[in-house]
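Below: a set of structures, written as structure tokens.
Each of the next two complexes has subunit A plus one other chain: subunit B in the first, subunit C in the second.
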Partner chain A sequence: MDSSEFLFLKLFTTSGNSIYSFATFIAFLGPLVGITLGFDAINNERSQGTLNRLAAQPIYRDSIINAKFLAGATVILMLTFTLGLFMSGAGLLLIGIPPSGEEVCRIIAYLLLSAVYMSVWLALAIIFSVVCKHAATAALASISIWLFLSLFMDLVASGISNVLFPVEGIQGYGNMMKNYELDLALNRISPYYLFTEAATTILNPSVRSIGIVTMSSVSGAIDAPLPFGQSLLLIWPHLVVMIALAAAGFAIAYVSFMRQEIRA
Partner chain B sequence: MAEPFIIETKGLTKCYGEVTAVDGLDLTIRQGEVFGLLGPNGAGKTTTTLMLLGLTEPTEGTASIDGFDCTRQPLKVKSIVGYLPDSVGFYPDMTGRQNLIFTGQLNGLDRELCEQRASELLERVGMTYAADRKAGTYSRGMKQRLGIADVLMKDPKVIIMDEPTLGIDPEGMRELISLIRELSVRDGRTILISSHQLYQVQQICDRVGIFVAGQLIACGRIEDLGRQLENEGNWSLDLQAEPNKKELYEKLSDLAGVKRIEQDATGLMRIESSRDIRRDATTLVMETGCILTQLHQRGGDLDEIYHRYFEKAGESDERADGGKASGKLRSLFHKKQASGQ
Partner chain C sequence: MERKMTRRTRWAGSFLLLVFTLSLTMSMAVPAMASEGPDLEMSTAYPGVTAKAGDSLGFDLDFSNGSGAGADLALTVTDIPDGWDGYFQGGSSQISHVFVRSGDWESLASFQMTIPVEAEEGTYTVGLRASGDGLSSDLTLTLDVSEEELGSSSLTTEYPEQEGSSGTTFSFTSTIQNNTPSEQSYSLAANAPSGWVVAFKPSGESTQVASLTVPARSSQGMSIEITPPNNVEAGEYSIPISAISASETLDGELTVTVSGSYSLDLSTPSGLLSFDASANKQSAVTLRVTNTGNVDLQNVNLTSSAATGWTVEYSESSIDVLEAGATHEVTAYVTPSDEAMSGDYVVVLTASNSETSDQAEFRVSVKTETVWGVVGVALLVVIAVALWFIFRKFGRR
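Then we have the complex of A and B:
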């Protein structure tokens, strides 16, 4: 692939010697944004004594939790786009090459994806803020899940798949495919992995496939970057799963909040 | 008292698992009344107020305020009922005024009206001097006053206050009581106060209901409740005489109708009897050659009424379930004695 193509996108994916790329930063630290915005959503209202005062106003009870989620999601959306625009502006000044139309589309898609990713963590943090009495407990619970899914899921996934489908010895050749598939499936439980996969695909047009590529599927392929639509098609399942995760998380928080006693 | 009923509950019941917090409550409160819901901690007062606001669903029975069903039409109810929770809180990073305006906007009032009303109410509760300070810096008494302003933002027909006098200094209490009076008399609002502080409630309430273990065991005007107790043959007399002679004590004990005499360190005797013994007691004092220093017929104040009703409820409980509660106490006491030996 011609390296001068999609130069602008490299701004987001290139890392230096001592610094991670923008995409890595978002993948790793984005969850913290969601957790920060959500971990004290309900329990703080409760401990402040404002929740029962709020609930005594002529509003539906679910509007409280809806507002908490929507406010957080709005802030996240604004944050990702501000960051993205800053990054693009700085890049424009530094390299002086304007982004092509396709690059703009890819960046917007990436930023939307990041917003959804952070909203997943926001929803998780709101669940804990409903369930846990203290904001500190909720924060620690959310952070431990974040650490587990971001750092240790990889180890767990390879551990499990190596136990079930060992790749040593003669039978290892037969297990290799199953081992890899299981490893990938387990990793994809983590929103971190999903997001990294999707972000790589959308920011790097030369990624043609995710998952296993066999010799037969490569043979005869044209060595050219994927068009935007095709990249989008590749990550479509990732996006849907992440939206579903956020929606499911919010639904759990919603139901448990509606069943809770209002009293402090 | 020809005003229509504004709050009505019928067989209102709330169970938490095995525990019945409120048990078949039938309560009617007329428009413009100040009603005191009295009871010890954990009697189900807060649960009742939450059910009236539609914040908790009753297990059985119905409650309605101004014709609106509290469970089915909570929004209608909440737009005419102001609720002051027992530990009222405000957003600490907003000023008192902003907190009030926020409440007003939640009630669907437009911004200008909110600002105007917030200023008026801050003036009325005497908080204008701190209106533009962050609510996080407020003291407990200031929060309570802001809480009242907050309740009035929606111009409610009915105000429900949960332990409004908790943790307020005596001066603040006096102001609060006059404010509550004013809300009732001048504005004609119906006020329901739940409390266990009898003295304050006695000062402001038209009627009281005594609430023990989820049941309303007495309800009515304070004087009526006192009279009712007397008619049931429960008289209580404080008597003190000088010098404090043992003879007097014995003679008083022998009087017909005297059920119990307790004497404290100062020689003050509390005599419980089934009839009015004032005449006989004074005669006895003179016969023994003592000087009467104090004679007080109890029963008029709420403290006494409350205590009596509480005692009565306890007794009937004891009879009903074979003295479970006091039996427990007794066995505990015996255990202690046994271990002491």
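Then we have the complex of A and C:
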């Protein structure tokens, strides 16, 4: 792709020698925002004894858990958009090239995607804050899952796929495709991987396929950027999965909170 | 006796003197005897000459004066055909007399003469005379006038028959020869079929001219550039050209053979060379095949060059006859491979027969099926419904 096109998007994807790109930071450290906002949502209230008083107020009980999640989600949304707009504003001042309409659409889609991604971790942290008695336990549990899914899922996925479909030796050639497919499928369990894939696709219009690109799909292809709608269609499954994860996490936290004895 | 002796000696002495005188006289008389006849002779080295009408001739005149004294001679033309003109020249001036001192003189004077262009073929004589101081000499020049050229001006072309494909500019090199005694202005014209362009240009110049002025008895070269129209049919065309002056008309004929040119054009009716498609779904494209040559094309085959896994089918894979200038519409059905990614691919469609071919490069934008987008929305709806059920079941208590 011609590097002069979509220059503004490069603000978000270009990394320096010693510093990661904006997109990498969000993908790796974004979960910490969600965890920070959610890990002590319920158990802190409980340990400080304020949960009883809160429940004594003339409000429905589910309002508490709803408010905890919605407040966190709102903060996350504000945070991502503040960060994104700050980044765009600074970039505009520095490079002086205004973003095109399509670039604005892509940036907004990316920021929404980031907010959903962080909300997934918020929901996870709230589950632990409901389930664990101590805030420290909830925090450590959330962080261990974050570290596992962000750093070690890749190793586990390649380990499993290499055991099931070894690529060494003669039969390795036949296994190569299955090995890669399994590796990809296992990696996609991790929200981190899903978000990275989706962010790359939405911020780089020349990415045309997520998944396996065979020689036959490359033959005859012209190196041209995808329209925004097509990029969005490519990452639509990722977005749906992340919304579903957030919703499921919240549902688990909701159900377990509603069934808990809180007067003790 | 002594007296007698003396008389005899005197007689003998006078005899000897006589003999001596005689012998002296005899020895002096030998050269005088050689120039017996005329004392004056006017001559030229080549009195008989072959010449053409219109030529200018010069005869060097040699003189031999044997009279022993210089002579002042008047030069006259005694006999010359009607209308001919001649004069005597000495040094650089026209002369009427020449002074010839005793002895031989070469090229003392010359006779200059112009044969009129009207002179007919034949043998003519010109008589010259030098006379004066009691001496006189005649000289007769014989002129054989040949090859009468008058009045046969001509318009000739070096290669009057040329061949080329349509779109070629045919360039002919022609020469107008003016053989008249006067300058002529020829207006140039060509009788070409409509749509043809004929340009006359003087040799070595780029100016297009309508007439040419040719001095008397000389020639002027010109190039004639003939451009047939683009859609000219193959065949032989003859183009009469003429150069008309006040006194004469020169005609010529140029022949141009336009050979067949084979040319095809493959495009779409709108000229748009891109279309959208979905992986593994057939898309129809209307193609327009046009014969842009001047010969009918037989068996035009439609083929394609697409990526692996793609298929291209035509509503008719071959056009039997495509007449010159005719257009034929064909529909191509393009099915992208089921492995095709989103984004742009190139598909080359080709129309060809044994003589010519043309290809159209299509940019095919493969779109992701929006079905999965709808499925995603449906999933979100399911999630929302599930949350609502949970709220209903566990909430508000």
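Please note the rule applied: the second predicted complex is superposed on the first by the 263 of 264 C-alpha atoms of A that agree within 3 Å, B and C clash if a C-alpha of one lies under 4 Å from a C-alpha of the other, contacts with A are read in each partner's own complex, and residues count from 1 in each chain.
FYI, contacts are C-beta pairs under 8 Å (C-beta built on N, C-alpha and C of every residue); 3 or more make two chains touch, one makes a residue touch a chain.
None of the values given here were measured: they were computed from a predicted structure.
Placing subunit B and subunit C on a common subunit A by superposition gives a fit, with no clash between them. In the superposed pair of complexes, A:Ala224 makes contact with subunit C only, with no contact to subunit B. When the two structures are aligned on the shared chain, A:Glu168 is found in touch with neither subunit B nor subunit C. Within the superposed three-chain model, A:Ile262 lies in touch with subunit B and out of touch with subunit C [touch as defined at top].
Look at A:Arg53: by the touch rule set out above, it reaches subunit B but stays clear of subunit C.
Between subunit B and subunit C, the partner in contact with more residues of subunit A is C.
After superposing the two complexes on chain A, the shortest C-alpha to C-alpha distance between subunit B and subunit C comes to 7 Å.
When the two complexes are superposed on chain A, the residues of subunit A that touch both subunit B and subunit C are 60.
For subunit C in complex with subunit A, the residues that touch the partner chain are 306-310, 337, 339-347, 363, 367-368, 370, 372-373, 376, 379-380, 383-384, 386-387, 390-391, 394-397.
Note for the complex: subunit A touches subunit B at residues 48-50, 52-60, 261-264. Interface residues of subunit A facing subunit C in the complex, by the touch rule stated above, are 60-62, 208-209, 213-222, 224, 226, 230, 233-234, 236-237, 239-240, 243-244, 247-248, 250-251, 254-255, 258-259. Of all residues in subunit B, those touching subunit A in their complex are 46, 50, 53, 55-56, 75-76, 78-79, 81-83, 85, 87-92, 103, 106-108, 147, 150, 154.
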